[in-house]
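Two complexes follow with subunit A in common, the first pairing it with subunit B and the second with subunit C.
Let's look at the complex of A and B:
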């Protein structure tokens, strides 16, 4: 039973990581939103499984929040935004996809290297979970800096936050209040981002953030 | 509860400051405020003296103020009582002087509130018994004095002085903050009580000592951190200059003694090498630059640098002896340093008061514009002469005693076991002797050009003597200089509890109550070695002087001679042919010009046939600016220009920076294990 529970937790967390790589690679916006929704579902399943094996019913609440907010509400809203902006068919240029994937692999290696020697104090389950969570977080950050579109940057941020929740669920005794506040702040961040995307669009007829840079009169990324 | 009395005095100063804000605009307010400051200073002085003479036990009090978990601790022991005496003596004299001098203030509201607050801040530094209260009081003192430096803020050089002072004060406080951080250790025990109980490892202790040297030294004026003194001290009104130069530098010395002798525990012998070297360099450089000055207040400020160097030589000797468990010589060196602290506060305040009186009477600060004042300001001339003789270490005045005691400690130097110190101590002694001689030259020049000869400007010709209050403040200080020089044993005995509490040893008792021939003489170590009796010297001077005068009057010829009028060596009637400040020091400038000074000369000679006058300009710079502060300033500017580009990155680049930093740190963590 112990081996099986470990395997399932491993599988779900690994699934999240694979989906992170998909996010990194996917260049169609609608498809990317779907992948993000899938990652949220995987997160919710993972958290629910943690609730079962840790015998911590409050994690079920977290799982439900993740499923409803991140699996359904946010992707739906993003889909609507994308459609409203008329960019749902757009193909975003991913800078050096192969290189990005390689860097992503390096990041995963780094997080495993960091987390595995943590020692005998924590269970192997928590250790693996933390390694996956850290990898998801770093991949989310990597996605934020390799993309130019504001919507995909939002998705990168949300995926980063998925990693945070995964890490939090793995650690025993994380109080529910913390998870609530994290979920709430993510929602706020999402609203702010959404408003911003529309403001950018109004002003520049594009959601490419490099338009912002041009507006600020940057020396950096002149086209 | 003695500490509480001290805190009440601080509260009194702050209350006077508050009242000064309210009533400062009225014309009578000045005398009232300074009078109140005088009373509170006298109270604090009496209270410090009573604790010192009564050899009271350290007294502590805690208040639940300030940082939570630390609170505010205050403590009075022999060391702080002695410095209370020094500071409030200077404060009382400055207040008395300012009752008269403050009438000439142009913008009294810029001085009146800050003056008592500044005194209060200095007193609070002495009473503080935890790092937090100490630093807050220290910074309060710095900021109020900074406001006083900018009292006349319309002059551009004052603004520059204020800016440099603020930078140096900030740097000094930062160093002290780091020093206390090291002392407190990882547990964060900031109360001095717990710092005393802990024993830092030698490396940390040495680092703390260096940081303290930087922090206290920047306030005291150790070379090369002295650059702000000659700018800021003259910029303030003269009674404040006297406080900054004569008193605030002593607070810095107190800070150094408190940390190096009290909090750090047992010293290591090589620490004293650093202190001795810096002290000796400071003494020589300070007085050499004082010699070059033409501005009288700036000359006095540089001379303060020199005296601080002498004090630090004494402290360095005390550290050296203490590290070798030679308690008696250590007590001698420490007592000498403290004696010099007291002396310097007396005569430097006196001289700044005299400079203020001259400035009020003539409106001139440059020596080249003065001259002949001894006829127009006879009273000021007498007290300034006493001050000049005292600072030049002439017996029977007080300056001689403390420097002689430091030399006595230097003469014990060969008994030290380390060869480094055996070489160092005589070198320091030679440099100290050099600086003592140069001091005499410096004040011969200052006094001679200012008071003797003929007036060089109409303003100097029209000068009148200072007012009653200013004169009485100066006469009181001159009397103290005289008494401390004639009866040094009394001062040494009063200082004994300080050395006793810090070193566990004291100098032998000097004043034995049954009157004997040796009553007024001081014996640093033993009678067989050497002793000094100010009283006998005074008696000798008086008797020999009287006899000489009588002899001349009795036996000199009374025959009338006819000859040309003696022209005092100046056949040309123009006042410009007199010895000037620059011409007096020309030989010394020539000797040291290539090595110590940064002299820039320009000669503009008219060609034959031209009728315009030729001109000769001479500018003496402090090479510290060119070789130390210039490169530092350029480095700061260059790195600021480079870093400025970080202000204009794109969002993605900022994110990339964050990401790269995170990855880098994670890799460091991964590699560390």
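Let's look at the complex of A and C:
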């Protein structure tokens, strides 16, 4: 029968995937940010568990970074932005929630199908970790393209990055330098996004990125 | 002698579900009333209601056909058979070979079909609305329910409830899939039993009602049959939940008196806990708009589908 270590890794990675779906399902920004913070905590627990079973203490540092930066700092900052802009309950979806969920299910199936043949040689644990991570990444991308609000797009991007860390922690022997640089670049990206959101707001009195469409020059001259 | 004992055990199960179904409904109503700071009717009130309805005259509309008159009995029979098939206090009963999850879903579907037809038979507006909404809910809930069935069937390797329960008692480890399936099952059970947030079982005059709208024209013994079937359906979902996700305490191979007594006691305890949890959940949420049903049941479908997918990934490791 299977070991308990596998069961717990399975549970935590599965939890992250479920939280990704919950992110897609939310229709209030505040609730969404809370779910995002929960996903970061789940990620941190998952990475810490990988550190234990792989006997790799440096992964604990990754777990701590995930917990502090993505579980606490970024959600708090996003909450502040949302409060300042007064947009705590609006989420504009490009397509409906039901359709988004169906597309999301398709993406999960796709990532599992992709990973099954790739991972014939590796252990079941790594294969499953990679499948879940790919699904989380794809769901983050889906979230970025199905939302119009800039704040929700930031959350989509961060959730995508959670998937990347999950994939990286499953593979053995990732150097700590890479983790640091990834965490750092995410923080920079977050600051850039934050400035970006305020600039959009200043210009258009809204954070709906569809307001930017008429500057793309693809749809002909519109007033 | 052994045959007699087996028949007796099966008969006890069939009569047990019928006998205590109204009681569970009574407990649910009592807890709900207490949560709303009302005293509420006594917990045996549903029995008195059924008794009263059985002795009242059944009033029929002039244009009611045979369908309208037979539907209540059909609904009751289908629901009773389905409820009696679910292993409650013991597995390996005489008819447990026929206790197939897909068969139970099909029996419930038959009952629902009859009730929806009966709702439209007399031609009132309310009945039509109720039937159409019931079918909307059914078309969303049944695929989700079948995915839940597939999840447990993939883990246990069969769709026979008795075998599934035995496998789960043996322990299957920590499974995300089972957690997701449980979540989806609870959503489906809420929708199928016409409870808040999908439907309000306490109201008869509201534009958003579903189940009550279909049975609005019924009276007397016909209504009694329908109410008994509704109580049995609630009971069926409680039993399924207990059997699939919390099967501890059931008598399996060991069919001695003590094992059966433990099984019976733990089954009743599980039922009472579930009957108390349902109104607590109901009081915590608000009734949903009809247009939000697809999202509610769609998330149940998504959870169940995810459960199946996750099983598919980890299957190679067995």
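Basically, the second predicted complex is superposed on the first by the 205 of 223 C-alpha atoms of A that agree within 3 Å, B and C clash if a C-alpha of one lies under 4 Å from a C-alpha of the other, contacts with A are read in each partner's own complex, and residues count from 1 in each chain.
In this section, a contact is a pair of C-beta atoms (placed from the backbone, for glycine too) under 8 Å apart; a residue touches a chain by one contact, two chains touch by 3 or more.
Here the structure is a predicted model, which means the values were calculated and not measured.
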Review point. Superposed on subunit A, are subunit B and subunit C clashing or fitting side by side?
Key: fit
Point to revise | First, second, both or neither for A:117, with subunit B first and subunit C second | key: first
Check your understanding: Per the overlay, which chain contacts more subunit A residues, subunit B or subunit C?
Key -> C
Practice item. Mind computing the angle subunit B to subunit A to subunit C from the CA centres, in steps of 10 degrees? Key: 130
Review point. Does the superposition put A:104 against subunit B (first), subunit C (second), both, or neither?
Key: second
Review point. Does subunit B (first) or subunit C (second) touch A:11, or do both, or does neither?
Key: second
**Study point:** First (subunit B), second (subunit C), both or neither touched by A:145
**Key:** first
Point to revise | Distance in angstrom between the closest Cα atoms of subunit C and subunit B, superposition on A | key: 15
Exercise for review: Provide the residue numbers of subunit B that touch subunit A in the complex, in ascending order.
Suggested key: 648-653, 655-656, 658-659, 662-663, 666-667, 669-670, 673
Study note, to complete from the structure: Touching subunit C in the complex, subunit A uses residues 1-2, 4, 6-8, 10-11, 14-15, 17-18, 21, 25, 97-98, 101-102, 104-105, 108-109, 112, 115-116, 124-125, 127-128, 131-132
**Study point:** Residue ranges of subunit A touching subunit B (in the complex, touch as defined)
**Key:** 107, 110-111, 113-114, 117, 138, 141-142, 144-145, 148, 209-210, 212-213, 216, 218-221
Check your understanding: Once bound in the complex, which stretches of subunit C touch subunit A?
Key -> 173-177, 180, 294-295, 298-299, 302-303, 305-306, 309-310, 312-314, 316-318
